[in-house]
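Below are two complexes that have chain A in common, paired first with chain B and then with chain C.
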Partner chain A sequence: MGFLGIILALTGAALSVTLTCIGSAKGVGMTAEASAPVMIDDPSKFSKLLILQLMPGTQGLYGLVVTVMVMLNIGLLGGSPDLSLTEGLLYFFACMPIAIGGLISALMQARVTVTGVNIVAQKPSESGKAIVSATLVEFYALLCFIASMLMVLNISRLGL
Partner chain B sequence: MKGKVNESHYAYSVTAARIMQRALLSDADYAQLIAAPDAIAALAVLSSKGWKTPDDISRIPQMLDDELQKAWDFLTEFAPDIDIFKPFILRNDYHNLKAALKCALSELQIDRYFIRPALVPRKLMINALSENRFSLLPEPFSSVLKKAYDALNETRDGQLADIIIDRAAIDGMIAAAGEIREPLVRRIIDTLCALSNIKIAFRGATLSKNKDFFETAIGNCFSLDRKSLIDASAKGSNELFQYLKTTSYAEHTELLKTSPIDFERHFEDRILSSLEPIRFEALGANPLIAFFLFKEAEIKNIRLILAGKLAQSSGEEIRRRLRRIYV
Partner chain C sequence: MSLVPMKRIEIIAMQRDAKKIVETLQRQGVVDISDLTPCAPDETDVAPTSPSIAQLDRHIATTTVAISAIEDRAQVKKSLLSGFAGRSEMPFDVFSREVKRADDYLRIALSIETQRRLIDSERLSISHTYNRLQQILPWQSLDIPMQYKGTDKTAVFIGTLQGLWTDLSFDDAFRESYSNLFGADSSDPSHAGDSDSTSTKSATVSTVLADPSASIHFPPYVIEWIHTTNMISCLCLMTHKSDANAVEATLRQIGFIVPTDPTTHPPKHRIDRLRARIKASEALIAEADAKLTSYVEDLPSLYFLLDYLNMRMEKYRILDHLLFTQKAFVLSGYVPSHRAEDFRAKLESKFDIVVEIDEPSDDEVVPAQFSNNILVSPVEDIVMTYSPPTRKDIDPNPVMSFFYYLFFGVMLSDAGYGLLLTLGTFFVLRVKKPEGAKRKSMLMFMYCGMSSVLWGLLFGSFFGNAVYAIGHNFFNSDIALSAFWFNPVEDPMKLLIVSMILGFIHILAGLALKFVNMFRQGHRLGAFFDVGLWWVVFAGFILIILNMVMTTSAPLGTIGKWLAIGGAIGLVLTQGRRNPSIPGKLMGGIASLYGISGYFSDILSYSRLMALGLVTGIVGEVFNTIGTSLGSGIVRVFIFIPVFLFGHAINLGISALGAYVHTNRLQYVEFFSKFYEGGGKAYQPFASATKHFKIKEEI
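The block that comes next holds the complex of A and B.
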C-alpha cells in the first residue's frame, strides 16, 4: 500500500510542475512571439517587453517549488519514503490548486501580456499599466501556490 | 470549412499589424491632404508621411496599388491562414476579368486597368485571353470568363458581359466567405455583397429593367432574400425601397433615394465602424482583417482626394466622400 501512496503523491507532484510549465512555456512563447515585431521596430523597448515576457513564466516556478516540497515531505529527497494510500491521495489533491490554477492563470496571463505588448508597440509610455494588469492575474496564481504549499506542508501534521 | 487556426498563432502577426497600423493616415493628415492646393502638393504631403510617391501623376494608380499590395504581401507572409483573407480580394480578380475581356477586344492597354492585389496573376489572365485558352485560369474564373466572352461574342452587349462577371463576383465572394469559419469575414463579405446587389437593383429599377435582367444580375447574399429583392426591383424603385425597409439595411434606404454615392459611403462606413472595437484585440484573425480593410479604405480615400484635386473639386466636396477610418 505504501508504494501506491508514493505513486499518488508523485503523480500530483509531477502534474504540479508539468501543467504549470506547459502554461508558462505557452505564455512566455506567445508573449515573446508578439514582442518580436516590436523589438524589430524599436530595440530600445526590449526592457519593457522582457518584463511582460517573464510574467507568465512564474507559474512554472511555483509548480516546481510545490513539487520539491512534496518530494521533501514524502522523503524522496532523503529519508525513507513510506506513505499510506490516504496520505498519497492527500498529497495528490494538495498539488491540484497550483497544477490547474497555474496552468489556466499562465494562459490567461499570456493573453494580458500579449495585449500589453500591443500597448508597448503603440503607446510605450503606458507600459506600466500593461504590467499592472498582468500582475492582477499573477495574484490568482499566487493564491493557488499558497493554497498548495499550506496543504503540502501540513499533511504530515495530520498523523495519518 | 477554412480559417480556424488557434488564435494564439496570431500573436506575431497582430503585433506586426499594429505597428504597421501606426503608419495609417490620421484625420490631421487627411486635413493636410485636402488643404493641399493641387495633386502634386498632395503627393508631397503623402511623401512626407513615408509614401513612395511618383513624379508623374499618371502613375498614381500604380502607387495606390503598390500600397495595397504591400499590405497584402504582409498578410501573405505573416498571417497563419491566408485563406480567410481571400474573399476580400476576389472582387479585384473579377474586376481584372472584366478589364482583361475589354482589353482583349479593343486596343486598350490592360496594364492601366488591372488592379492589385489579385489571386490570378496579370500575365496568366492576359495569356488566357490572347491565346483564347480560358482553361489556363483557375476555376471559377475560367468558366465565368468563357460565359462572358461567349455572351459578348453573341450579343455584342458589353453590359451583359459586365453583368455576368459582376454576378459571378457576388456569388464567388459569398461562396468563399461561406467556407470560412471566421464570423467577421462572413459578416463583412455579406455586407459588401448586399451593397453590390442593392446598387444593381437600384440602377435596374431606375431604368425600369425587366425581371430577367435582375435574375441575371442579382446574386446571393446572407442578409437579403434574393427572390424578394428581384421581385421588388422588377416592380420599380418604390417597391424596392419598401422591401429594403424590411431588411437590416432599412436605415440606409432614405439615403439611397437622395444620393446613391452617400448611400455607398454610409454602407462602407458601417463596415468600418463595426471594426472599431476589433482593432484593440490582441489575438486572432480579426485585427488583421481590420488592418487590411482600414488600409483598403485609406487607399480609397487617397484615390478620392487625388482625383478630387485633379478635378479641382472643393475641399468640402472631397471631405464629404471620404471614408471614416479609426486609427
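The block that comes next holds the complex of A and C.
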C-alpha cells in the first residue's frame, strides 16, 4: 500500500510544477510575442518589456518550489519514502492550490502584461503602472503558493 | 528632507534681449517654464520662430543619421552598460570655442549625409544594372544585334521559349502547330527546295527540311539555340522572307516571345557596357566609403553638434512660448525658493529686466521636486513614477526609503545575491558615473543589495545553502552558514508572522504620515478622528492577540476588547461627519468600519514577503542539489561549477525582479493608499538637455 501513497503524492507534485509551468510558458510567450513589434520600433524599451515578459513566469517557480518541498517531505530526496495512502492523498490535495491557481493566474496575468506592453509602447514613462497592475494578479498566485506550502509542510505533523 | 518650496517667477524684459535671456535661463537651469496662455492676441505676438525650429529639426535629423553612420564605421562598441554612462564634462571656454565651429561641424554632417545618399543611390543603380545584366547574359553568344530582322531574302526571329527545348522537340512542335494553322489549305507557297543555309554561323546550326512525304509543305528554317536552361530557351531562327508571316504565326502558337528590350548591337556590346557601369558605381561607393571613414575622427565634433543643436532647439521652443509685444516680452515659471533671490540678482545685473518673485497661489499646480539626503533620494523616482506630489502631499520618501530597502531585502533574502547586487551597482556607479535617474536607481539597488546581505545573514542564506552543499560534498566537512536569526525554509510560519508584523508597522507608518500631514494642514481634530481612532482600534486588537499568545495575569484581553469597541464607536460617530444629514453621518460612520476588512487584506498582502523570500532560498537550494548530485570526483566539480553559475544567475535575476516589483506594489498600493494623493507635476527646469557633454558653467 505504501506505493499508492507515494504515487499520489508524486502525482500532486508533478501536477504542481507541470500546470504552473504550462501557465507561465504560455503567459511569458504571449507577452514576448506582443513585445517583439515594440522592440523593432524602439530597441531601448527592451528592459522595460523584459520585466513585463518575466512577470507571468514566476508561477512556474512557485510550482517548482512546492514540488521540491513535497519531495523533501516525503523523503524522496535522500531518505526512505514511506507514505500511507491517506498521507499521499493529502499531499496530492495540498498541491492543488498552486497547480490550478498558478496555471490560471499566469494566464490571467499574461493578459494584463500584454496590455502593459501597449502602455510601454505608447507611454514608456507610465510603465511602472503596468507592472503594478500585473502584481495585482500575481498576488493570488502567491496566496495559492502560501496555502500549498503551509499544507505540504504540516502534513507530516499529523502523524497519519 | 522634504518637498522643495517653489516660488513663482515672472520676467519682463526687452525684446532685443530675449535670446540672450533665454540662453542665460538655459545655462542656469533653475526655471521650470510654464506654458503661457496668451492674454490678449491683439496685444501680444508670438515670436516667429517656427521656421528656425523646422530648420533645426532637419539639422538634428541629419546629424543623428550622420552620427549613426559614422558610429557604424568606427565600430563603436556599445556594451550593455554603456547606457549607464554619464556625460563627459566640457569647460565653458571649450564650449564657447566649439560653438564658433558649429557651422564647420554642420558642414561635415551634411557632407556625410551627401556621401551616404550617394552610396545608397549607387547601390540602387547597381542592383538595377545587375538585373538588366541578368536578362541579357543568356544572349552573350549571339553575334548579331537582337533587333536584327533578316536580309533581303531571309527573315530572322530572335526570342525565347519557356522551358528546355531541343532541335527535335522544336521541330515536332513546329510541325504540329503549322499543320494546325495552315493544314486546311495548303495554299502556302512551298520553298522546300531552295532553302539554302545562307548563314553558317556555328557548328550547332541544324537544318531541318520539310518532310517530303507529308502532304503539307513545311517552310524550311534554320535554328540556332543561343542558350538553353530548364527555365528558358533563347533561340535565333532564320527562314525565307516569303515564309516570314506563316513562321511567325507558328512560333507565336508555340509560345515564342520577343525580348522586351532587344539590343541594337550584338548583346556582348551591351553586356560590356553594363559591367562597366557596375564597376563605375562600385568605384564611386568605395570613394564615398573612404570619405566617410575619414570622418571617424570627427565623431566627437558630431556629438557636440548634436548637443548644441538640441540646446538651440530647446531655446527656440521656449522662445516660441514667450509673449511678445512691440518692444518687450513676458516669461513666467517656477524657481526653487532658495535659488530665487540669487537668480534674480544675476539677471538684474546683466539685463534691463523686471523680475518679480511671488508665492504661488493655492489653486496653482506647482511643479514638485524632492530634496533628500543620499540615503533617501534614490527612491524619489519611485514616487514620481506613481504620481508627482502636489503641495498638499507630505514627502513620503524618508519613511518609504527605509521600508523599501527593508522589504527588498526580505524578499531577496540571500547574502550572496545581495553581495553581487551591491558590488555590481557599485562598479557601475564608480566606472560609468551615471547621472540623474540612472544614478539614483543604481544607488537604490545598491542599498537594496546591502539590505539583502543583512537579511541573508539573518536567514543563513548564501547562494541558497551553498556553504553547506560545497562543504558537505567536496570537503567532507559539516560546515554550514547558520542563521543569525532563523532559517525560513525550516520555519516558514515564523517568517509569515514576521512579514505580517512588518506589514502592520508599514501601514501604521502610512497612517502616521497621514496624521502628520493633516495636522500640518491644520485639520487637528480630523487627524485624530481619521487616524487616532484607528490606532485605538488597532491597539485593542493587538492586546487581544497578545492575550491569546501570552499567559499573563493582566486583563489584556478585556482592555483590548473595550479599546477596540471604544475606537469603533468613535469611528462610527466621526467618520460620517462630512455628510449633511444625521442619518447620513451615522451611515457613513458605520460604513467606515468596513475599512477593517481593508486593513486586514492589506496586512495579508505582506505575506508576499514570506513567499518571495522562500522562493529565493528554495530555488537556490534546488540548484545546489542538482549541481552536487551528478558525477563523482573531479567530474562532479566540473558539472557543479556551470550548474551553480547558471542556476544562481537565473535565480538572482528572477528573484531580484520579483523583489523589485513587489516592493513597488507594497509601497504603491498598501502604503500610499493611506496618505498620498499625488496628481502634481514634476519640476523640469529648462536646461541644456544634452546627451554627450555636460557643460560646466563658470560661476
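Quick note on the criterion: the second predicted complex is superposed on the first by the 160 of 160 C-alpha atoms of A that agree within 3 Å, B and C clash if a C-alpha of one lies under 4 Å from a C-alpha of the other, contacts with A are read in each partner's own complex, and residues count from 1 in each chain.
The rule is short, and it goes like this: a contact is a pair of C-beta atoms (placed from the backbone, for glycine too) under 8 Å apart; a residue touches a chain by one contact, two chains touch by 3 or more.
Bear in mind that the values here come from a model prediction, so they are computed numbers and not experimental data.
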Joint occupancy of chain A by chain B and chain C, clash or fit: fit
Chain B versus chain C as contact partner of A:M30, first or second or both or neither: first
Per-residue contact with chain A, leading partner among chain C and chain B: C
Which superposed partner A:T18 touches (first chain B, second chain C, both, neither): neither
Degrees between the directions from chain A toward chain B and toward chain C, using C-alpha centres, nearest 10: 50
Partner chain in contact with A:T86 - chain B first, chain C second, else both or neither: neither
Touched partner set for A:G57, first chain B, second chain C, both or neither: second
Chain B versus chain C as contact partner of A:V68, first or second or both or neither: second
Contacts of A:T115 with chain B and chain C, given as first, second, both or neither: first
After fitting on chain A: smallest Cα gap, chain B-chain C, Å: 10
Overlap of chain C and chain B interfaces on chain A (superposed complexes): none
Residues on chain C engaged by chain A in the complex (per definition of touch): 83, 382, 385-386, 492-493, 496, 604-605, 607-608, 610-612, 614-615, 618-619, 621-622, 625, 654, 657-658, 661-662, 664-665, 668-669
Interfacial residue positions of chain A with respect to chain C in the complex: 44, 51, 54-55, 57-58, 61-62, 64-65, 68-69, 77, 125, 128-129, 131-132, 134-136, 138-139, 142-143, 145-146, 149-150, 153
Partner chain A, residues of chain B touching it in the complex: 8, 11-12, 14-16, 18-19, 22, 280, 282-283
Footprint of chain B on chain A - complex, ascending: 26, 30-31, 33-38, 41, 110-111, 114-115, 117-118, 121-122
